[in-house]
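Structure first, then comments.
Chain IDs A, B and C follow the sequence of writing; residue 1 opens each chain.
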Amino acid sequence: MASSATTGNPMPPSLSMPPSQFARLQPHAYLRAHLSPPSSDQPSVRANGRATSQFRVTSVNTGSLTHANGSAVVRIGDTTAVCGVRAELLHTSDISSWGVSQAPSKQNPTNTNEAKDSKSEDEDDQGQIQDLNLLVPNLSLSTGCAPGLTPGAPPSALAQSLSHQILSLLHTTNLVRADDLRIWYQPPNFDSEEFHNPGEGMEVDTEQSGGPEREIKAFWVLYIDIMILSMAGNAFDAAWASVLAALRDTKLPNAWWDDDNETILCSDDFAEAHRLTLRGLPIASSFCCFEGDAAAGWRANVIPDAEEQKKKKGSQQKWILADPDGYEEGLTQERACVVVDKENGKTIIVKMEKHGGWNVDSDDLRKLVDVSSQRWDDLKQALEQC
Amino acid sequence: MRPAHPKEAAQKPTNFIEPARPQPSMSSREEPLSIPERDFILEALGQNLRLDGRQFDEYRPLNISFGEEYGHVKLQLGKTSIIVRISAEITKPFEDRPFDGSFNINMELSNMGSPAWENGRSNDLEPYVLEALDRIIRHSNALDTESLCILKGVSCWAIRADIHVIDFDGNITDAACIGVMAGLQHFRRPDSVVKDGRVIVYGLEQRVPCFNDSKQVIVDATRKEEQAAEGDLVIGINSAGDVCYISKHAGAPIDAMLIVTKTNLAWEKVKVLNAIVDKALQADLSKRADFGMADESRAANDRLIQPE
Amino acid sequence: MVSPILSQLNRPDGSAAYKCPATGYNILGAVNGPVELPARRDALKPEEATVEVFVKPGTTTAGVAERYVEGILRSVLGKVVLGREKGFPRRGVIITLAIAGGENMDRGDSYLTILPSLLHAALLSMISASVPLSMTFSAALFGVTKTGDIVRDPSPTAAKASVSLHVFAISSKGHLLLNESEGRFDFDTWELVHQRALSVCQGTASADGDVTMGEGAASASLHGLIREAVEDQIYSDYAYKLDSI
């Protein structure tokens, strides 16, 4: 840090303290001094030596946990996230709303109409995964991952909101196919009366007893546990990348309904296990916006109109920093996050959010989308290498 | 912190070095009344006067209205105002009671109701009110949980009442109790396929608290009156006139005969309150009928026929 | 359009009820501030006010989704509140938002459909509580359908069917205060929705020079609606003065 400070930016001569102390005493001025280029033709360099739109070195390692169905460790700079996916069976007879909620929506019976299934696959997927809670992400910030976290405390607001962001992104991207999680059963073609057994949880299907229909006997529920081992800013990107890598690594054992025992059996043959077929590869990139004018928030000043602000752009007052570290996150309030996917080389935005300020406008967001799509290429490579 | 003897207080009404009395239950962490203010209230009561000019046995104006959804009640009792929302979802019944659905009452006091309440932290008032509601409504089987069963041991309805206190000026227990009962009578759960049905509510039960204040007993106390009170008495009576709950929670001792006389008063009040709730339900019904929801209103009509 | 009601409650410093006509969400907001927060002394900032937001769902207890939306609201509102005004530093501005009406939120549901209503209720409550603000704002929800049409304020079912959902909050001075978008879309679509949001919120001239009045003649813009609600309140608050003149 010290060397980059002296080369990038000569300190005023009157200052007789080392840069590391300056960084602690006047963090805002320190970062601004770094970002302000000495001459207009030189690019801004951040205090950590990165360019403004440069991400930290990212490494991915999958399959590190032996007892999980899928796992991954993602390291972005000093931020490390571990994700383990564990699959558990959920019998449809145990779902209290299974018989009840299915019947009213007769126009969309999932277990009778295969052709229709594939047509409205997307909505159907989302519905079943969401209604039955088949994806259960939970993020925890481990003790000691950041100075502020005390052991034994309930999940912090940050951990809870990250959990929700991951869940909501899993739902909106339709990343996991519901069909990968279903365990079907095709009853043998006996005489329907003989076969018919008005046992537990079967009554609801009696009305459709035309012939032996293929039916869902159980679902796999994926418990996605994410642990942030070390937090040095930008926890969401790391957490999401670890979820993505772990889901790509996930293998579900071959499971089938055994009618004689009335239970689900799983094969312990590893070769029979199947991987999840994920939809796309959405990758998250987070940004923060650093305001040059430290006094902006200090005064009850009159805030210029958006138009005026645009005109003033010549003198740079803000820097948008990609993949902020902990130090930079502490100095900024405005955040942006773009999640992109690519299909045949075309960039598709899956989620975009920005809040906490008014400096990032639509032009900036356009640039961020471009940066994010570059990031997609880099991270895709990292994910495929492991 | 000793509980002041009522006689002592009556003899020395202006004794301002008297330590603050422990408040039995209400108004946790509210700004305490100033001593002159409390003495003023007590002295006025001594002269048969209440701050808002009500009689001792008079309720504040009760205003009930219903929202667009079934089971959405807005209730105002003077300046106390609450919103009750009833909702239903399908769950698995408990192993030991495969025929029963479940019914739960939830209340979370937020900063909205009173600046003294902190968001996300419980205070003393919350369990006190919930306990009373639990006993009056849940344990007296006001709601027939067996009617909530859909499929034995597999699925049942879980009914949930959420009480939002949006403005607090004393006597939430009454307001919440009336609100939940009105909400239950108004609510219709979604029709399930296996069994068509409505929530069967047996009788309306009400609670009437009587605040004992140096031998003066007042009904429906405001926040300030609650703060000046020495004790409280809660009586729950259902619409058939049976007493289902009596609680003399804490505070000054009262004469046993008082409970008997006040139970009579409570019964009178229950009849009045019942009439108000019924009137509000009828008004809502005709409003819905006007909107041409013939089907729904016909079904809702059934609800007014109460068993017993 | 149902006008929002300000200062309806007696106990909080400020309150507002906002009902979104299209989505049916009815939000009740209350603000207390500036208040002392003795329990959170170590979390208080030395030079500015602490803005706390609490979202209370109608028929469930608050969960992870509420923590998330609270975080968003806090970052938007915290930036708008002039927390360095006299009397505000080291104190709290507590905003409580109760979802008093409208559909339930299920676990994992997107919170976007309700976000504009929450923002409006919070803003109006803060105005009602006389919390100093650097600017006001208005917010709107848009859905993009499969055919590429932009629908303003889609109902919860329409929102579920749409390809992408966008929430914009535009300040009274035209800044983009908040954007939350999800679904599948490209930047050009986003830009179109953004333009639409600007016109809906500000009522400014659209590209072809027409002032967009299509959203209802009485309140051409959402900013206008917010302003009218506040003006009505001021008018009724000062009715005694007006009468005496």
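Brief remarks follow.
Following the convention adopted for this analysis, a contact is a pair of C-beta atoms (placed from the backbone, for glycine too) under 8 Å apart; a residue touches a chain by one contact, two chains touch by 3 or more.
All values derive from a computational prediction rather than experimental measurement.
Listing every chain that touches chain A and chain C alike gives B. Nearest to the overall CA centre, using the mean of each chain's CA atoms, is chain C. For the pairs A-B and B-C, the larger set of C-beta contacts lies at B-C.
Annotation: 26 Å between the Cα-based centres of chain A and chain C.
Centroid to centroid, with C-alpha atoms defining each point, chain A and chain B lie 45 Å apart.
For this pair, chain B with chain C, the centres built from the Cα atoms lie 33 Å apart. By the touch criterion stated above, chain B contacts chain C in their complex at residues 67-69, 72, 79, 81, 83, 85-87, 106, 108, 110-115, 118-121, 160, 162, 164, 166-169.
Of all the residues in chain B, the ones that touch chain A in their complex are 89-92, 150-151, 154-156, 192-194. Remark: chain A residues 123, 130-131, 133, 135, 157-158, 160-161, 163-165, 167-169, 171-172, 297-300, 303-307, 309, 333-335, 341, 346-358, 360-362, 365-366, 369 touch chain C in the complex.
On the side of chain A, the complex with chain B involves touching residues 93-94, 96-101, 103-104, 200-201, 203-204. On the chain C side of its complex with chain A, the touching residues are 47-48, 63-65, 67-68, 70-72, 75-76, 78-79, 82, 84-85, 106-111, 132, 134-135, 161, 171, 173-187, 190-191, 194.
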